[in-house]
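Structures for review follow.
Each of the next two complexes has subunit A plus one more chain, namely subunit B in the first and subunit C in the second.
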Partner chain A sequence: MIRFVVTRLEAHPAWVRWGLLAAGLLLAFGLPWTLYPPVATDILCWALFAVAFDLLLGHAGLLSFGHAAFWGTSAYATGLIAIHSGLPFYAAVLCGAVAAAVLAVPIGFLGVRRSGIYFAMVTLAFAQMVYFVANQWSGLTGGENGLQGIPRTLPGVDLSDSFVFYYAALPVVLLGLLAAWRVVHSPFGRVVAAVRDNPARARALGYPVDRYKVVVFTISAFLSGLAGGLYAVNHGFASLQEVYWTTSGKVVVMTVLGGIGTLWGSLIGAGVIVRLEDWLATAGFDEVGLVTGGIFIVVVMLFRRGLWGTATHLLRRRFGALSEDTGEKHRPEHDREAPSQPVPS
Partner chain B sequence: MTSFLQQAFNGLVSGGFYALLALGLAVIFGMLRVVNFAHGALYMLGAFGAVVLSDSLGLGFWWALLIVPLVLAAAGMLVERLLVHRLAALDPLYNFLLTFGIALVCQDLMRMKYGSHSQPYAGAPFPGSLDLGLFTFPTYQVFVLCVAAVVCLAVWLLLTRTRIGTVVRAATERPETTRAFGIDTGRWVTPVFGFGAGLAALAGVLAAPMRAVNSSMGADLIIIVFAVVVIGGLGSIPGAVTAGFLIGMLQALGNLYVPVLSQTSVYLLMAVVLLVRPAGLFGKEEHA
Partner chain C sequence: MSQSPAILSTQNLVKEFQGFRAVDGVDLNVREGTVHALVGPNGAGKTTLFNLLTGFLPASAGRIALGGRDITGQPPEHIARLGVARSFQVTSLFAEVTACAHVELALQATAGLGRSFWRSDKQMRRFTSRAMELLDQVGLARHATRSAGSLPYGHKRALELALALALDPKVLLLDEPTAGMGLEDVDRTVALIGRVREDRTVVMVEHNMNVVGSLADTVTVLQHGRVLAEGPYRDVRSDPKVVEAYLGADVA
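After this line comes the complex of A and B, so read on.
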């Protein structure tokens, strides 16, 4: 259905993959030494969010413009549970993620009734509805003031130091990333890819196409919820910002910057954007959208493979073996209604 | 009864804005298969355009109503030529993403220049209100409603009664057949994009005297308009316009009878429409 530039993961030789994994883990463990620890934890959260988003966009071909609904719902749910129950924060985050997944079922069910660009508009609209609900239900969410005083509870461990909290949050993120990787490389993930590439054929083969889409949407929402919950615990509060459309937009920017469909590229996209925003905020520049929006336009116009995709593409061209799907090469047959002027690319 | 009529009128006025924006979106979508995320930004720029013309050049509302849509239509055509056009051969989602980036940039540019506070607009025409016995309406809002209705009607006549309109409709519905008849559909792409941009700017100028003019006014509106076009069906121009007015009414009356739902009613209606008639109230199933 959706023809994005998709870079295949498994095309890397084994030593490259293990090398990258080792480098990634090393970076993940060393991050709070090189950065202000709360920012490092922010990068973890956004990285998991972006990977969850790419699971949907790159692998299921569904552009959701409303993922803030899941990130934010979990942020609020996690916060409420952590404040009122005193459970360890792991349990609170897990419950928050479950809440996000529960919300994703009706939104996904309604969303997959339209495809392509409509799906993006529908998810964006429902996310805005979640925003209004959060705004109106101020008795629960704190409305404009946000939900404050979310504790970092873990029996026996003092997590008040952000440096320590980073290492408490890291396993959750790594498990989330592992889950995303497993989904992509499972038989289920194969069917999802088939649904993306040729929904008509997948349906003809007997796969309930819409149900696959809803399930992958829900998984993505669950992982986004893990990230949003951790984010709320990291900051000690959840605000309306978490459910606002700008948050949905930010994760889109991260994933496109990193490279759609590369999964790990999203990690880099998240890291770059969080660092950039932190740097701009420190420099006293408030109009972050001006910079991220500008970068985004350049990426969409010129580097549609994203940072990761462009890097692997260049490496592959250097070493021969080029095997990837490019959005430009083959267009689906039903695109007869496409714009009338093909452009020489 | 009085409050009902008052609210119904308010609903029609905000419906007029939805209709103008949805109309522009639908025209652009029909011709280019692009959903223009920057449509809300154009509306915001239109409102700022009116403020700037009034503050720095001393040009009043009527000049703004003429100049701003033309300028932004030209800017839209430029963006279409320079950027949108280059992505035309790719999946339409790329252009959606591109226009999202453009919207972000426009919004923050305006925020950088004017801050997040609302700008006052001095040059509002038609002060006072119209007394109709049972209730009174602000004269300016009656004017806005009339303009919105006349513009929507004019566009409809333009599309159905003129040769240009016929070509555009044909290119929208059957691009290949139209080309097979020897009509160069490509030359209409840029003007149509500019036209849609101009409509959004027009809505922005109309909004300046009665709405808060700030950098986020467009983004909040465009999301509702997206829901409007999902409900109405983007493939159908009368559908998009009707849904615009319908949703304006729904919101206003919801505000009166079920205040809790005033902001969420649009999305609930969208959920119902997706369940019952996924292609939209007036839409036919299409590939987007």
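After this line comes the complex of A and C, so read on.
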């Protein structure tokens, strides 16, 4: 029986992808039945944040160490709009994400002139400035107390039950994930991957590489903002934690844990970390960072491709054509030495 | 030969690296529609000159003009968009991308589709037939679906040429287009350059004197970053200064 399934899957690798997609959607719709609903919504938010981050790290090759700036800016902006305008929370989250994207333009513009560790440092410096502003401008943000009482407004629907709110938040996250997937598999995404692999060649072809980096940075910030805004509405609260550097670090851990450049791996990384933190906190264990940090080190040392990356690598070796990226990116290694066959035209 | 106007020219171009003058006051006039070869011993400044012409290095002094327009200090992507395409001496490709996707990426650069982040990359299939034509021209049609990293060196060089041609440039700068190729591939490349020069200007750095002799209208000999001699190949090769400095016992 298993043998039959395996041979069928070998013949139709696309089925594997549709199967995985169906399983993912089923899991997404069933999550609040198996978990405490606010935690399930947290997983959604962090998953979108991690995918947005992987869009930048995995596909553009830019390591930002200041993505809390976008998550947090949107958390505050969404909260303020929801409190003061009475707009449906969808509109508030959208405005928050736009605010994050607007902030990303100057940071990206200055950041992409540097690469590698310098890019990480520039983004960290800006994120710390955002933290400083949020802390000092307590009249607006509530400072140490955070921004309290963010409502879950949606005309005609009572969202006070977190179980219901999960299903209100889910479409936003799914749309965000769809957007990230579309960007990766677009003509623009091809150029971004080319710029990552060989910027000089991309420039010689006439592509303004810095502009492409700023755009992908801004898209990543927008999607991070969607996630951060939803998170604030979920908790009814936006705190300094949202703009603190540990939030930037957490999203790096999630993405690396899931597998850099795999996009969907980030979902798994986010799920594992949020679930684990919740479980440890419930168990009364305070040193959560010790455990997540330990797992992080083990994964980085033993499974360089991350959880998802390792799994798909093994599957790909089994099924050949199951490819997560642009198809031609992952040619089988043995192709390297094979004599080329004439193609009948 | 009639004297067509200069399409690419430099005036007293200098590139200095920490006191060392790699390019030292070069005046170059590439006339439109010609094949112009740059030759000279290693370290003569040929590749540095290429990098200056295409904006990959900033000039320390002097001017570069394209069709009468000053392009000194312009970034590489601007110069590429003005119609100057180059190949690289050290093969510079996207290792995991197929040969066909390389050419599609280059064709897309001139079509301006690359900004579309909301569309499917299936849109790029509109470039596939043209990409296959170009690959066929450089003799790579059979290898279209292989990743660039897996191609042998000579084929990588051919792919470099296909990428530059995909931009349909006014001026084609080729940095050692036949280096590392087998005899048969050299002949095909020479024939191809002979064909594509019909409606464009070609500047090439080349060590193979047979290639230079059969293609170049004008040869500029560089030594120590300066122009040693310039003129038609048969004049230059018999120039005593050149014979002494570069061609040496092989030709003399």
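Going forward, the second predicted complex is superposed on the first by the 305 of 345 C-alpha atoms of A that agree within 3 Å, B and C clash if a C-alpha of one lies under 4 Å from a C-alpha of the other, contacts with A are read in each partner's own complex, and residues count from 1 in each chain.
Criterion: contacts are C-beta pairs under 8 Å (C-beta built on N, C-alpha and C of every residue); 3 or more make two chains touch, one makes a residue touch a chain.
Being a predicted model, the structure only gives us computed values, none of them experimental.
Judged by the touch definition given at the top, the superposed model places A:F163 against neither subunit B nor subunit C. In the overlay built on the shared chain, the residue A:Y90 is in contact with neither subunit B nor subunit C. Once the two complexes are laid over each other on the shared chain, residue contacts for A:F303 go to neither subunit B nor subunit C. Taking subunit B and subunit C in turn and counting the residues of subunit A each one touches, the greater count comes from B. Contact with subunit C, but none with subunit B, is seen for A:G206 once the two complexes are overlaid on the shared chain. Contacts of A:F237 after superposition: neither subunit B nor subunit C is touched. By the touch criterion defined above, A:W181 reaches neither subunit B nor subunit C. Touched by subunit B in one complex and by subunit C in the other are residues 328, 335-336, 340-343, 345 of subunit A. Put simply, subunit B touches subunit A in their complex at residues 32-35, 83, 85-94, 96-98, 100-105, 107-109, 111-112, 171, 175-176, 179, 185-186, 189, 219, 223-224, 226-227, 229-230, 234, 260, 263-264, 266-268, 270-271, 274-275, 278, 286-288.
Against subunit C, the residues of subunit A that register as touching in their complex are 182-183, 185-191, 193-194, 197-198, 200-201, 203-209, 212, 215, 219, 326, 328-331, 335-336, 340-343, 345. Of all residues in subunit A, only 2-4, 63, 106, 110-111, 113-118, 120-122, 124-126, 128-129, 132-133, 135-136, 245, 249, 252-253, 256, 286-290, 292-294, 296-297, 300-301, 304, 327-328, 334-343, 345 touch subunit B in the complex they form. For subunit C in complex with subunit A, the residues that touch the partner chain are 54, 56, 75-77, 80-81, 85-86, 88, 92-98, 101, 105-106, 108-110, 113-121, 123-124, 141-147, 149-150, 163, 167.
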